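Labels A, B, C, D, E and F are assigned to the chains in the order they are written; within every chain, residues are numbered from 1.
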Amino acid sequence: MPRDELGILSEIKKNFILRKLSDGVRGDGRKFDEFREISIQTNYVPRAAGSAMVTIGKTRILAGVKIEIGEPFPDTPNQGVLTTNVELLPISFPTFESGPPNEVSIEISRVVDRGIREGKTIELKDLVIEEGKKVWIVFIDIDVLDVDGNIFDACNLGAVAALRTAVIPGEAHGFKDAKLPVNNTPVSVTFAKLGDWIVADPTIEEEQMSSARVTVTTTEDGHIRAMQKGLSGTFTWKEIEDAINTSIRLGKEIREKYLQGV
Amino acid sequence: MTLLGTASDIKLINDDGLRLDGRGFDELRPIKIEVNVLNRADGSAYIEWGGNKILVGVYGPREAYPKHSQNINKAFVRARYSMAAFSVDERKRPGPDRRSIEISKVVSEALESAIIVEQFPRAEIDVFIEVLQADAGTRIAGLTASSVAVAAAGIPMRDLVVGCTAGKADGQVLLDLSKEEDNFGQADIPFAILPKTGEVVLMQMDGDLTVEEMSKAHSMLDKALKHIYNLQREALSKSFTDVVAQWGE
Amino acid sequence: MPRDELGILSEIKKNFILRKLSDGVRGDGRKFDEFREISIQTNYVPRAAGSAMVTIGKTRILAGVKIEIGEPFPDTPNQGVLTTNVELLPISFPTFESGPPNEVSIEISRVVDRGIREGKTIELKDLVIEEGKKVWIVFIDIDVLDVDGNIFDACNLGAVAALRTAVIPGEAHGFKDAKLPVNNTPVSVTFAKLGDWIVADPTIEEEQMSSARVTVTTTEDGHIRAMQKGLSGTFTWKEIEDAINTSIRLGKEIREKYLQGV
Amino acid sequence: MTLLGTASDIKLINDDGLRLDGRGFDELRPIKIEVNVLNRADGSAYIEWGGNKILVGVYGPREAYPKHSQNINKAFVRARYSMAAFSVDERKRPGPDRRSIEISKVVSEALESAIIVEQFPRAEIDVFIEVLQADAGTRIAGLTASSVAVAAAGIPMRDLVVGCTAGKADGQVLLDLSKEEDNFGQADIPFAILPKTGEVVLMQMDGDLTVEEMSKAHSMLDKALKHIYNLQREALSKSFTDVVAQWGE
Amino acid sequence: MPRDELGILSEIKKNFILRKLSDGVRGDGRKFDEFREISIQTNYVPRAAGSAMVTIGKTRILAGVKIEIGEPFPDTPNQGVLTTNVELLPISFPTFESGPPNEVSIEISRVVDRGIREGKTIELKDLVIEEGKKVWIVFIDIDVLDVDGNIFDACNLGAVAALRTAVIPGEAHGFKDAKLPVNNTPVSVTFAKLGDWIVADPTIEEEQMSSARVTVTTTEDGHIRAMQKGLSGTFTWKEIEDAINTSIRLGKEIREKYLQGV
Amino acid sequence: MTLLGTASDIKLINDDGLRLDGRGFDELRPIKIEVNVLNRADGSAYIEWGGNKILVGVYGPREAYPKHSQNINKAFVRARYSMAAFSVDERKRPGPDRRSIEISKVVSEALESAIIVEQFPRAEIDVFIEVLQADAGTRIAGLTASSVAVAAAGIPMRDLVVGCTAGKADGQVLLDLSKEEDNFGQADIPFAILPKTGEVVLMQMDGDLTVEEMSKAHSMLDKALKHIYNLQREALSKSFTDVVAQWGE
């Protein structure tokens, strides 16, 4: 996501990576459609309703869910409220600064939000306490702690894992505590285009060399729930179709390997 | 696909297989494009697309400001998408919100893919998209008009950018969603290409689509984008004869 | 309004304009008290409650009225609410930037607002639905699209024309739709002082050369409703009196020629 | 003339033809001006005008900041009008609102007309107007005190600026509106001149006035401004003998 | 508080002050634990519920109290609300700018607030009108008018004096006007460390030379209510203990001499 | 000491003279410190202290920005204390509030007292303190971890900074207040020193304490700080062997 700090990734490094790609392998030895190691540690913040520390390679994020009582939007009296907010903490990368969300963090927030929302991870209708008056508001806040490429997918995993382990704090309001009802499990897979090659789960070096990015979020039924193309490069339609199919396949693997037990 | 959510009991396709506004599944709403409608801007365009009324003004290339935003290799393309307070059903408070910031970003990137930015190091190209009335599909209508305005400003481009949406409503894949289809449908795909090569420069999607439905949507888009590309070129060629077009009348 | 982009209107141009003025005619051939061509196209934005696209010469604005239900101010429980906001869109002039209203747009907003409010174009008492609880809020939003001098008067005309054609959207709230009740028709006339000459409806070149500005808003009864002197130059009292009288005369002409049918 | 609107049943003129505070139609409230009341400011003044208590501090001429605000031909005059949170009936939230931004603009312009700004290219002159207690007519009281503070700072001026309001209440043209007359009256005219020549440097008006009423208001103002001008000059000459005045006591 | 305008207090001046200190006396002739002249003029702003103009030497502040009706915080339904806000007005020092509170004014606000709050100057329970619904909100706003060192203690005195003279505006809301019930009288004393010397009530020149600052607020019972150490220098524990004892003693003197009659 | 106020009927000390969490009066909660837990930061540390979980990342020394903030004699130390939205009981809105601005200031000053800032003129040292879970005493836990992170970044220091709180609850002077003791107690004293000399670099207090109670609190702190200092040094020495520690597991 963040461009090279000096705006220039050394030409030598670039050429090394490109040469490797032309040999069918990535700079770090991975296959084009291979993810780095993923770890998910849930309930990292017991004070939150749900939480998950996620690493993909050296990229690390912490997602926390808070569930509070509030009013529904006037035009959807029979639905709870879901909000997603990603913060690129200044500890995570040298050029990140404190301050209000910028266009980069807003784009990530909104793409993660669309995956969760359209993937029907939670049904907003399940969050109504008293129609038109009182609903549960689910806040998903994601702090990016360490950046080494592919923040999108790390945030998506964190949000999903935190929701899957979240508890509605009913007792504080005279109800019972209850597991947040969770349905589908949307998984996003992000691709970067370097020259004519397309790789999944890009490292930051791959991102800094890439001309275009596309994220595809799918659910266990093999349906597409969200997509987002980024950067000023282009994809052919064939490349887009390949990305969709690869995302469905990798999503299935990630769901089974990392999210089953969560 | 908005907070309005889906109301499954709203019928968006009637018994004759037509949409609420009488269109077939792969039919566009009426589109009108005019060029050089503003006096101050270096280039400008106005588009009416269904009930959308959108004005685009381009300033630049000009020296990028602030200085630290300058790129020594190329121009910086900065699109800003903005809705007039009165453009939507409920008054919109002035100023950017998260949605408009995201749209500005993807539209900037899509335009940059078409502009030969290497010709203008240290420069910026500002593209202001003002939505005067909104009626679904504003971002791709704004982007379509923007590339025309950039061309009208005399800025060299590899190609125009042409956009359209497809989506799904009442279980049917549809071209160019109306406001109701967008609000109560099942999927929305803003999509834009460089028409000469078919390269995809903008693509977003949210909703619920199978791979087959996505493929069908792409076929519809492919055909429609050729038509819209013709409208763009006609508007530009007209502008050479009819220097300042009367617009919006 | 906006100063010359480079801060310098060419000396040749300036001298040309001043020489013309000393011959009793303006740079574009108009008389000192003559407006440029005016056009008003109402209902330009059907989605708004009322709207008007206005041009004065090459200056172009779009005014839109929205009418929504809200609460009255606590100290005026028996009055509706009227707000006026002018946005100097960045498409309209090279040096205008996106961002919150600055002192220039705030001044224009407030002068237009005072003309409408003090001219009793609408009676705030007519906007009460339930005293102290529910009133109609009338938002006048004016987008400046193209700048060639005299934004003040273009915005005034747009606001008045949009109000005169506005419909209260009662149906959406269980009432009937109804025309917004409109009474007086305030018209503002703005003058610029160039050297010792004073001209009405200044072009942007005249504005860039001018030392002082005054706007006088009057109603059909010949009463003065709002005035605003601007810039660091000065007027004699005689000049102010002339401006008032000319404004009453020109306001009458504009009202009859352009607003009668609206 | 505020959102409070007009309450036609409030009587502002009694049966003896006097105003609620006992004044005649063309009578000023008591005015007191003191000079050099602050230690840090380059020049300062304090004015009490009726219940208004206003403090003005001037810093400058000093190098204009940021650099791009510098004018190579003259100093930039920046007045900032601000009300203390406790200065009005309902606590005012700190920070500028639209009203104070407009007042700051017209007061800056009025002061610039009096200051010989050509003597200080690239400089700025900051005039901070702090309303400690507000009681109608704060902008012209603040402007009147400002020009005294600028003079006290030793900044060369063509003349002082002297201001006053006139208006209409209960159908009568009145000088120097009180708070009630401002809230429940029919017109308000903030007005300021360069007294040597009578040139108008600030004029605003809102309400409902005939041409004849405006003329009558001007006559009242003309006379009153001469008086206030004398108060300004007395305060300034006093400051040469009595270097740091005790104020507000 | 504010550093020297040019960042450099003349070396000559510094040396003069240090030489004097080594002789046991301060630059202006005061003893190390001696305050400058204090003046307190209450009811300076009759429109406020309470107010006080305070000078300590040439430092001058104006404190005003407003008391309005509002809602309690949800977690303290049986308490009124107290807020303290200090504004460093741009008239008071050449480098102060208009704008939102910065870290300097926020620190002063919060230290004054803690003294008032923990000193139990007013009991928040006394401010309840209707539990959970309606309470009195006490706004203490302090404008700094002229800066010559020791803003902390001037603001503390102003806040206390304004509260002691404040009247709850009951009549405007159908109750009776009533004196705001005031209990303890917290007085803060601020010390600056210059070299190895510690002085009370520092002038601005002393502040500009100082490495560390400590404020100790005590009440008439000799109890400590608030403390705040500032700047990047250090104190020994002995110095802190001395400051506490000196603050208790000076606080007593100030309370008797200046606040008795208020 | 917060707006929650005091609830005098809450018992914080049980009949055995133990605190609600079973601790004695002068007993610390468990503390764990890890070093170099982040990849990008020049130095970093993670601290768990009771239920507090705090991450600190240090960037610098690097050229101070903006330029006018540069000091030609020394580095500028800028700590920024920030709480995650989910770190506290009620969701915290992102962005600084007045409390966090004050904490950032006193923590910056305390760190500056330890860092040999004269070695890095014109530089800035950024210390970002991210509270992931809050459980009373976050500022001194954050400060304690910060000095470890600064040391881990290889920045020369006179000493580490070590902090702890003492306070009063149920009338007893207590070390290292828990959340309940902080909310319902009678005094809170955040305190930090340079342990080699005992010099006080941070001290705040609010509540109600006699001079004797303050003295008792200091004795407790004095002893505890020695212990915490050892934990800091152990964490740093461990970091030389175990380059990137696994944290939070």
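Before moving on, here are some points about what is shown:
FYI, a residue touches a chain if its C-beta (ideal position, glycine included) is under 8 Å from a C-beta of that chain, and two chains touch if they have at least 3 such contacts.
Note that the structure is a prediction, hence the values are computed from the model and not measured.
In summary, the chains found to touch both subunit D and subunit F are E. More than half of the contact pairs of C-D, counted by residue number, reappear in one of E-F, A-F or B-C; that pair is E-F. When you average the Cα atoms of each chain and compare centres, the chain farthest from subunit D turns out to be A.
Greatest centre-to-centre distance from subunit E is found for B, with centres as Cα means. A rotation of 120 degrees, rounded to the nearest 5, superposes the Cα atoms of subunit B on subunit F.
In whole angstrom, the spacing between the mean C-alpha positions of subunit D and subunit E is 32.
Each chain gets one centre point, the mean of its Cα atoms, and the points for subunit B and subunit D are 51 Å apart. Mean C-alpha positions place subunit A and subunit D at a centre distance of 58 Å. In subunit A, the residues touching two or more other chains are 101. For subunit F, no residue reaches two or more other chains under the stated contact definition. Chain contact topology: the protein chains form a single closed ring, every chain touching exactly two others. All chains join into a single ring; listed from subunit D onward through subunit E, they run D, E, F, A, B, C.
Looking at the complex, you find that subunit D touches subunit E at residues 38-41, 44, 51, 53, 55-57, 59, 62, 80, 82, 84-91, 94-96, 126, 128, 130, 132-135, 248-249. Listing the residues of subunit E that touch subunit F in their complex gives 73, 75-76, 79, 101, 103, 106-107, 109-110, 114, 117-118, 124, 214, 222-237, 240-241, 244-245, 248. The touching residues of subunit A, when paired with subunit F in their complex, are 41, 44-48, 51, 53, 58, 60, 62, 64-66, 68, 85, 87, 89-94, 98, 100-101, 139, 141, 143, 145-148. Those residues of subunit B that touch subunit A in the complex are listed here as 1, 3-5, 77, 98-99, 101-102, 104-106, 109-110, 112-113, 189, 194, 197-211, 214-215, 218.
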